[in-house]
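This is the structure I want to talk about, given as structure tokens.
By letter and in written order, the chains are A, B, C and D; residue numbering begins at 1 in each of them.
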Amino acid sequence: MQRVGVFICWCGTNISSTVNIDEVVAAVKNMPGVVYSKDYQYMCSEVGQNLVKDAIKEHNLTRVVVAACSPRMHESTFRKAAKAAGLNPYLLEIANIREHCSWVHKDKKAATQKAISLTKAAVAKAILNQPLIPGEVGVEQRALVIGGGIAGIQTALDIADAGYEVDLVEKTPSIGGKMAQLDKTFPTLDCSACILTPKMVDASMHDKINIYSYSEVEEVNGFVGNFEVVIKQKARSIDMEKCTGCGICLAKCPAKTALSEFEEGLSKRAAIYTPFPQAVPNVPVIDRETCTKFRTGKCGVCAKVCPTGAIDYEQKDERLNQKYGAIIVTTGYDLINLDSFGEYQYADHPDVITGLEFERLVNAAGPTAGKLVRPSDKKKPKKVVFIQCVGSRDKSERGKSYCSKICCMYTAKHAMLLRDKYPDCEAYVFYIDVRTAGKGFEEFQRRAVENYGVNYIKGMVGKIFPTGDKLKVNGVDALSGEVLEIDADMVVLASATQAKPGASDVGRMLSISTDRDNFFTEAHPKLRPVETHCAGIYLAGACQGPKDIPETVAQASAAAAKAIGILSKSKLVNNPCVSQVDESVCSGCLACTKMCPYEAITEKMVEQKVHGKIRRRRVAEVNAALCQGCGGCTVTCRPGAIDLKGFSNKQILAEVDAICQ
Amino acid sequence: MSVIANNAAVKNAQAFEPLIVAFCCNWCSYAGADLAGTSRLNYPANIKIIRVPCSCRVNANFVLRAFQRGADGVIIAGCHPGDCHYMTGNYYTRRRFSLLKNLLAYVGIEEARFKVDWISASEGNKFADVMNGVLEKVHKLGPNRKLRDSRWRR
Amino acid sequence: MEKIKEEIRQIAREALTGKKVDIILAWEKGPLWYDSYPAFFTKEEEVDSLTWDSFCINNLSKYLLEETMADKKVGVFVKGCDALAFNQMMQDNRIRRDNVVVYGLPCPGMIDPDKVRAKRLNRGLTEVKQSGDELIFVTKDGEITVPAHEVYYDKCLYCHYPNPVVYDQLIGEKVAAETALDRSERFSQVEALEALSAEERFAYWDSQFSKCMRCFACRNVCPACSCERCTFDDDDLDILGKAREDSEDQFFHLIRAYHVVGRCIDCGECSRVCPQDIPLEKLNRKLIKDINALYGEYQAGLDPSTKAPLVTYQLEDADSFTAGEKGGKGT
Amino acid sequence: MVSREKITPDMAKKEVVRICEISDENIVDCMQCGKCTAGCPAVHGMDILPHQVIRLLQLGQIDQLLQSEAIWSCAACFTCASRCPRAVDISKIMEALRLTLVRVKGNNRLDIEKVPKLLDKNIPQQAIVSGFRKYVK
């Protein structure tokens, strides 16, 4: 007979205001197996944990039930406490009487009854718990970083500096990401390239970092410590070993018709190209859709001019299999498509541009060599209107319900840059709210108003009417109630950020979840912001939600620290709640092996003596290191020969019975 | 039967408090239920949750056992297809319980009493909605007698 | 069939004398006219009692379970449905193929003794001879000829696989595979039940299930029920008691049907052997029908290398929880 | 002579709730960005601007609205609704405000007798029909 101790937490008033603790304590005393019960205000506190530890020792408890908050919150806390008191941690069960009871019910009587019922189920299950001992599995001491923007670069550098190999996979021909496109960065107005390119070079020079540019992760299998990944290296059509990055091919290529992705379509590039001069690696790529050689078979100029013979038109996609201990996802963000915002004329008028295009227009290395002019006629603008919240905080189907977070700051920055370059040019900013939470952010925005004379207007723009060579901006000043018309030369739209369109596919590949806006979901919004629900996979940067550079870098270093935490271990402790086979019952049909998502079940032959006869037959065998404990196999097994430790058939049936009493 | 007992029976019938057993996968639906809690959403106390690692851990035995033991409705909630923490577990759940649901309906169990749904960790609202929806339908149907073990006292 | 019977006997004798096999698994004629029961033959001289007639309904594949595991070489005769069963057991790894020699017997159909009795053809019956599509009942009072389909089992009339789908040696000529009744007709009884209301369906099944005395004959005869230890016999798990209780009858039948999902070859043996005449095939066929509708046509036992419907999936599988209405016309 | 009186906000006023019910719009969604006003083609004849209409509703000041010209100036062209980032359809709210007035007996905005005099041969038939719909019980 097991000796069960039940500990009931008040959680301050979180539980006790809806659940009558005294009644629960009284009911618990009558539950089969229960020899001790205790309630306390904060069971998770040190005092509370000590109550558990002391009771285990004093009352020789063999099973423990804690009725408190969700096991997702404090199961590990109480398991550690049980372990400290000498009890196998897996002999402890949690009854979730906060999230699943006191917080969702108002009727005190009903909530109390339910709390009793949930506790009873936990007691019934706990009685059937078995001591479990986690196994160990080796760790591949190498990390994979998916996405080579500032988040990926920072993560890779931090992990590599800690002494571990890192593979950095970037989809485009160069690392650098969105930050490489920026001109200046808020709130200090230092040059983006000046702070980013050294990091890009560091990453490329680091002996522990391998950059796979123009590559994509195609397949991910395995689990924390042992991810098996297939990386597709897209055919670059250039031999990376031979190329010296001299750039002759770029200059000589006759097919200069494609719009430059890096320049946001504001200039053209050749079919053979490096996205930007500081690209890392500084090796071009042939865009096969634009290249005359690939389209017609004729040309081949680049091959002729290449001094090292690095051009290889026959190159094919290659696939690389690699094992990793941890994966960090840093796939970044995109701007939304503005097609449905017809009133702003973005698609129809060249002088209506996005913030990112503005960055390129003011950049010294940009398409206008830093001369800020209207894209349409290359004239200097005299009046520029900035519109914030284009698609952000937008509940309609056109936009995104969230705040894109960076627009208030970069719009202030843009307006300042404009006023700095052309003090005679007027700047108007339409805003709904200005949000400048962040170190030095408010001061920065106020500087735009107070020192740079930027006109901030609380209100929105209804429509833009292109009239002559002007853009008539019809807006409102909501504070005064005056309807405004501004003859602008240029309009800059702070378009909303969004998750990468392929994010949900990446999520599926990695078995990590995405939220309704397709941003990756962190394991806990407050306490585990860089972890995912999948152990060993971490998040950094704007793929998890809109973020500015300081936050992204902070998160990148945090994710790196988490990954290093895994890589620094030679062995990882397994989840002991894995499947096991009762060989005497197993019929060897191997249905379990067919559904196991981890191929953790294999077959073996056994010989059994039955009624004096030797029978040779197949049975299933679980590899505990591979099994992740989903329990799917147990259901394929009709006779119940394979069962899941910690969630056994008997335990769940006992819970069902108890909950139905 | 005495008049008093009879009255009590009538009263009991009026105060029908359904019992709904919900099997929730640890990673999505259980977390969704936690979110419903942290968001202080409201759903009736008649719904009681049993945690399973994955919706594919739920055996048809568990569902029938719940009905045997007096449950008026049973819910299985897992991650959305494609979002399974164990990659593919819920695809099997989908097949297994599509068939079981049809089989239960075929032998005359009202369809509203057995529900499978996909609730992600971020869908606290959906969790409350699904639970309220099932409860409402089960309430209309009244207590379940089918499959119920006559010896079991709830 | 007469001619083939002699051929079978010859094959059996040669296999035993030539030590090709240790045991021959076939049928033997019993004392009653409809008795052709399974028998093991280990000696050449025993083979004279081996039979092959229109009453060899018993499926021999299930008997291979013990024998092949015991490292004995077994020769077995299989009809069309037995071959499906053989494959299903192969798929479940319950037969060691290298220990078996399979002799395939194209099957013209088997006679349902109940139909014979209903026609009162059993009086003084000594022998039934097959002649094309007709059967000649030889009685003391003379010969009576009836169209074969009038006395064959219903399941034989739907049978799509009269010729064995697996064998080492085929005996006799293959028979025509077209069925006497439209194959989709086998679901007509399921559809009739689906058309009822939930209450009516429950009333129907409750009346059927409550007849059950849990003799487990349905399970024991089933080629898909080949577990080492049936979950219903698991005293520790204790999911099924021994009491006379409707809910337990219902539990047993639902779980039994559910355990053979995608594995039931639709041989109908469960219903045939049920002493209480519970129409178990209506449960099995409901599940087969749904599998076909939801996941594409699937015939268990046709190809042991395929994955059964419940151990595979498609990304685009129907989500019938929201579509609904598959179980019947709703409540 | 300007005279300004203090008003007391009343967020839960039952007349406001009624307007929300009739229009089936959620006024708390409005963030007062003014995009409706900025794009409104009829704004020139409005004493109270569209975004202010919602603000006044949020403050419970429905009487001002019922006395305003703005609700009658609204052409119900739905420009505001199609652009509102908060998915609030102000044209429906305007309609609800008008309805609470014209549905009261004898409160027609348009005197039917006077219609022939107002007619211009260039007015499309549609406009007459909508005019009746908008101004008459």
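Heads up, the rule we're going with is that a contact is a pair of C-beta atoms (placed from the backbone, for glycine too) under 8 Å apart; a residue touches a chain by one contact, two chains touch by 3 or more.
The shown structure was predicted, so the numbers you read here are calculated from the model rather than taken from an experiment.
Of the two chain pairs examined here, B-C and A-C, the one linked by more C-beta pairs in contact is B-C.
Chain B and chain C have centres, each the mean of its CA atoms, that are 37 Å apart. Averaged Cα coordinates give chain A a centre that lies 54 Å from the centre of chain C. The distance from the centre of chain C to the centre of chain D, each centre being the mean of the chain's C-alpha atoms, comes to 76 Å.
A separation of 32 Å divides the Cα centre of chain A from that of chain B. Chain contacts: chain B has residues 60-61, 65, 82, 88, 92, 96 touching two or more partner chains.
The residues of chain A that reach two or more other chains are 595, 636, 649, 653, listed in rising order. Among the residues of chain D, none is in touch with two or more other chains. The touch graph of the protein chains shown belongs to none of the named shapes.
On the chain A side of its complex with chain B, the touching residues are 70-73, 96, 98-101, 103-107, 110-111, 113-114, 117-118, 121, 504, 507-508, 511, 513-516, 521, 533-534, 577, 595, 597-598, 628-632, 634-636, 644, 647, 649, 652-653, 655-657, 659-661.
The touching residues of chain C, counted against chain B in their complex, run 190, 193-194, 198-206, 231, 239, 243, 245-248, 250-251, 254-255, 257-258, 261, 283, 286-287, 290-291, 294-295, 309-311, 313-315, 317-321, 324, 326-328, 330-331.
Every residue of chain A that touches chain C in the complex is listed here, in rising order: 584-591, 594-595, 603, 613-618, 636, 638-641, 649-650, 653. By the touch criterion stated above, chain A contacts chain D in their complex at residues 343, 389, 391, 393-396, 398-399, 432-433, 458-463, 474-478, 481, 483-484. Taken in their complex, chain B has these residues touching chain A: 19, 21, 26-28, 30-31, 33-34, 36-38, 40-46, 48-54, 56-62, 65-66, 69-71, 79, 82-89, 92, 96, 120-122, 128, 152-154.
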